[in-house]
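Multiple structures are listed underneath, in structure tokens.
In what follows, chain A forms one complex with chain B and a second complex with chain C.
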Partner chain A sequence: MLNQQETVMNKQKRFKIQGPCAYEFDSGNTGSWRIERPQVDFETCVKCGTCATYCPANVITIEKDKEICVDIMWDYCKGCGICANECPKQCITMVEERCGK
Partner chain B sequence: MIDIKKESRGYIAHGVSACAGCGMELILRTVLNALGQDTTLVIPPGCSALFCGFGKETGLKVSTFQGNLENSAAYAAGIRAGYEVQGNNHSTVVAFAGDGGTLDIGLQSLSGMMERGDDVLYICYDNEAYMNTGIQGSSATPLGAWTTTTPTGKPVYKKDLLGIAMAHGIPYCASASVANIKDMTKKVEKAKSIQGPKLLHIHCPCPTGWGSAPSKSIEVSKKAVQTGAWVLYECEDGNIKLNNPPKELKAVQEYTKLQKRFSGINEEQLVALQMGITKNFERLMRMQAE
Partner chain C sequence: MAHYKMLDGNCAAVEAIKMAKVKVVSAYPITPQSTIAEKLSEICENGELEAKYIRVESEHSAMSCAIGAQLTGVRTATATASVGLALMHEVVNVASGCRVPIVMPVVNRSLASPWSLWCDHQDSMAERDSGWLQLYCENVQDVYDTMIMAYRIAEDPRVLTPAMVCLDGFFLSHSMQKVMLPEQKEVDDFIGTYKVKNLHLDPSDPIVIDNLTGSNECTEMKYQQAIGFKNAEDVMEEVFNEFSQKFGRTKAMIEGYNLEEAEALIVCIGSMAGTAKYVSDILRDQGKKVGVLKIVSFRPFPYKKLREIIGNTKKLAVIDRTTGFGGQGAPLWLEVKSALKSDVLVKNYIAGLAGRDVNIETIKNVYTDILEGNDSDDPIWIDCGENVMNIREVLLND
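Let's turn to the complex of A and B:
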């Protein structure tokens, strides 16, 4: 598959990485960064897809047939708020997710 | 080729550790959506290097190579030459570098690539400073902007990358912005269909370095287009065409007031910044008319 170095690159335990090739496609749990969460008012939503176009993490799906028409992957949403700022109907509000300061 | 641990739509993992509201993430997603699976990326160290991942993990489904900061264009040209020897004419080779890796450190290798006429698509995402190492000023930093190396505002204007590219006489170069995703997709598709060196210069909002709210990333880049601080245009075989230029430029304050990096700008610098922007816009309008 991929040519990998046989020996460990660095003798330190912290950096035990085999070879210079990456072969695993993985995702970080960036949903844990979130402080505010976008909340969609499904009744005012016109399903235009502007939020999905501008979402940097590409976590928004527009499902035109379903009642919950804006589906967000909470595992990865960083809560940046671009969707709320760009929504032409302003039907997305950012609500605080964590309690306590 | 790769083991998929967590599935994603498109070619990039969803959980990439780019800052919240990062424009670069949106740019790379748009670019790869337009180019498709048959793409080879060359990424120099910088913010974009986090897509290559760390150790055995990667965030990209397309083949990627992480090179050095100063020679991403040379690496891309070499990969293209290798493909040609193998008889591969279908793969698109893309270099995806930041403004530091393009306008300062990588300019010599980019110039060489454009001179030789290698069939490479070079994309520069321009966040107007060295953001990954802690906001040092680059030659793409606009006049008057704060960075850690220009604490009183940068005293000189931004370098004109597309002007340099046009002087090389390359077949296609264009500027794009995250403010207009459709326009960006169109330009990437067009660049893919053209043989020879291509350059895309894409304006990339950086909430961390610019001091704008993460939610305002797109708004800031829209303001940049409306004020003329960033002009969307393309140059095909020496013919310049502006894409949906604003009929009348808005005052530059509308763009600067959204960002903390311009909070210390004085009256004199603001006038100079406005003058530079208007002059550049008028120059391009004249070039289009010719």
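Let's turn to the complex of A and C:
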């Protein structure tokens, strides 16, 4: 993000525009809305990536070579449960969020 | 060569969209707009229009796709009606706030409930504060012309405001009329290819559009929109003049008919203006000095022009095709009333709801009431039946 901003600052040409826009995306911590979190059973998981495809927040990355092969960005996962519904191996369960994170 | 063609209002809108060379279409069918969506998908498929048709699952998505697509730097098309426009409401405001100059035909249909498929202006009037230009059409030729002009007006860098081109459901959308269609080249020369003049999306230089904006800037951004509306009046004037020079058909934000020494004028919008003009001709022959004012641009509302055009006329009958529940009057009346000094009698008539025909009798009744009736301020439901509270009954099981 910072890189983007710097490149823009260095640009020679600037023009005025109307309406809301930004070069820096300041996001809210939408993960704090979560009341349930997806818990992945990594042993059953076949790393097919279906969960990542269906995730509406685009916060899932499949790391095929790592032990934690389904990496979820907890700052932005709202716990909607679509990944758990779509998983063909049914290895994602939604568990109640207790400690806030 | 420019040529005549028999078209209904929906097909005329499609012709205009085709000639504007839109690149993305995202429309969801809804009566009476359906044939616009169908015809657009047909010409996308057979190559008559080189555009991508996005199959969406609702009007909310239709407008969202149109906004996103147009932000990449192309013209887009969508169209809707009635409850579809209501469902679109949230993103309608996004389009105007992000200054995306989409031109959208709105085929006027009543809002539920009671469920109705037929024409009144409740749907577009509910959107009158959503930051869109609103232009209303009288006949099918008008639909085509207004669409073409709307592209020029909306996309002007001084305006950058999306536009609704409102046509009366069934009365215009499904009635065949003779339409003069210009050559493609004439249209190209008139509206030009789409150029990005404001916010746009470019993968090589990414920005966030429509981010959360604080109270320190929101007022200023809304004021930018207000300036856009102010400029739109001048731009419309320019575009209307240029159009009449090039295509020979005149247009104005507010059009008068039989204004000479008029004692009373009917103020109306949409297709009923044709009937009103016809009746005013008949009454003129009988020696009654009556005329018609047709409001073409409801947003921005040409209040200064209204003051000029009425001259010395002291009686205005405003016909609203909307209910205006709980207000002092319906939307068009409110605008007209607040534009004028109190020495002008402005009466409000509610007529033509849910497709009820505003026929010669209705218009005659309005003229009679404004010429001979009292000075009451209350809206008059001029074509309402008798025995209103007793139209349906059910059996009670005791």
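FYI, the second predicted complex is superposed on the first by the 75 of 101 C-alpha atoms of A that agree within 3 Å, B and C clash if a C-alpha of one lies under 4 Å from a C-alpha of the other, contacts with A are read in each partner's own complex, and residues count from 1 in each chain.
The definition used in the following text is that a contact is a pair of C-beta atoms (placed from the backbone, for glycine too) under 8 Å apart; a residue touches a chain by one contact, two chains touch by 3 or more.
Quantities reported herein were computed from a predicted structural model and do not represent experimental measurements.
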(message) Looking at A:Phe25, would you say it contacts chain B, chain C, both, or neither? Reply first, second, both or neither.
(response) both
(message) According to the stated criteria, A:Pro88 is in contact with first (chain B), second (chain C), both, or neither; which is it?
(response) neither
(request) For A:Tyr76, decide between first (touching chain B), second (touching chain C), both and neither. (result) first
(message) In this superposition, which partner touches a larger number of chain A residues, chain B or chain C?
(response) B
(request) List the residues of chain A that touch chain B in one complex and chain C in the other. (result) 17-18, 21-26, 28
(request) Mind listing the chain C positions that touch chain A in their complex? (result) 97-99, 160, 198-199, 205-213, 217, 221, 224, 228
(message) Touching residues of chain B toward chain A in the complex: what are they?
(response) 1-6, 8-10, 12-18, 20-23, 25-26, 29, 52-53, 55-61, 178, 181, 207, 213-219
(request) Give every residue of chain A touching chain B within the complex, in rising order. (result) 1-2, 17-18, 21-31, 33, 53-59, 73, 75-76, 78-82, 84-86, 94
(request) Under the touch definition given earlier, write down the residues of chain A that touch chain C in their complex. (result) 4, 8, 17-26, 28
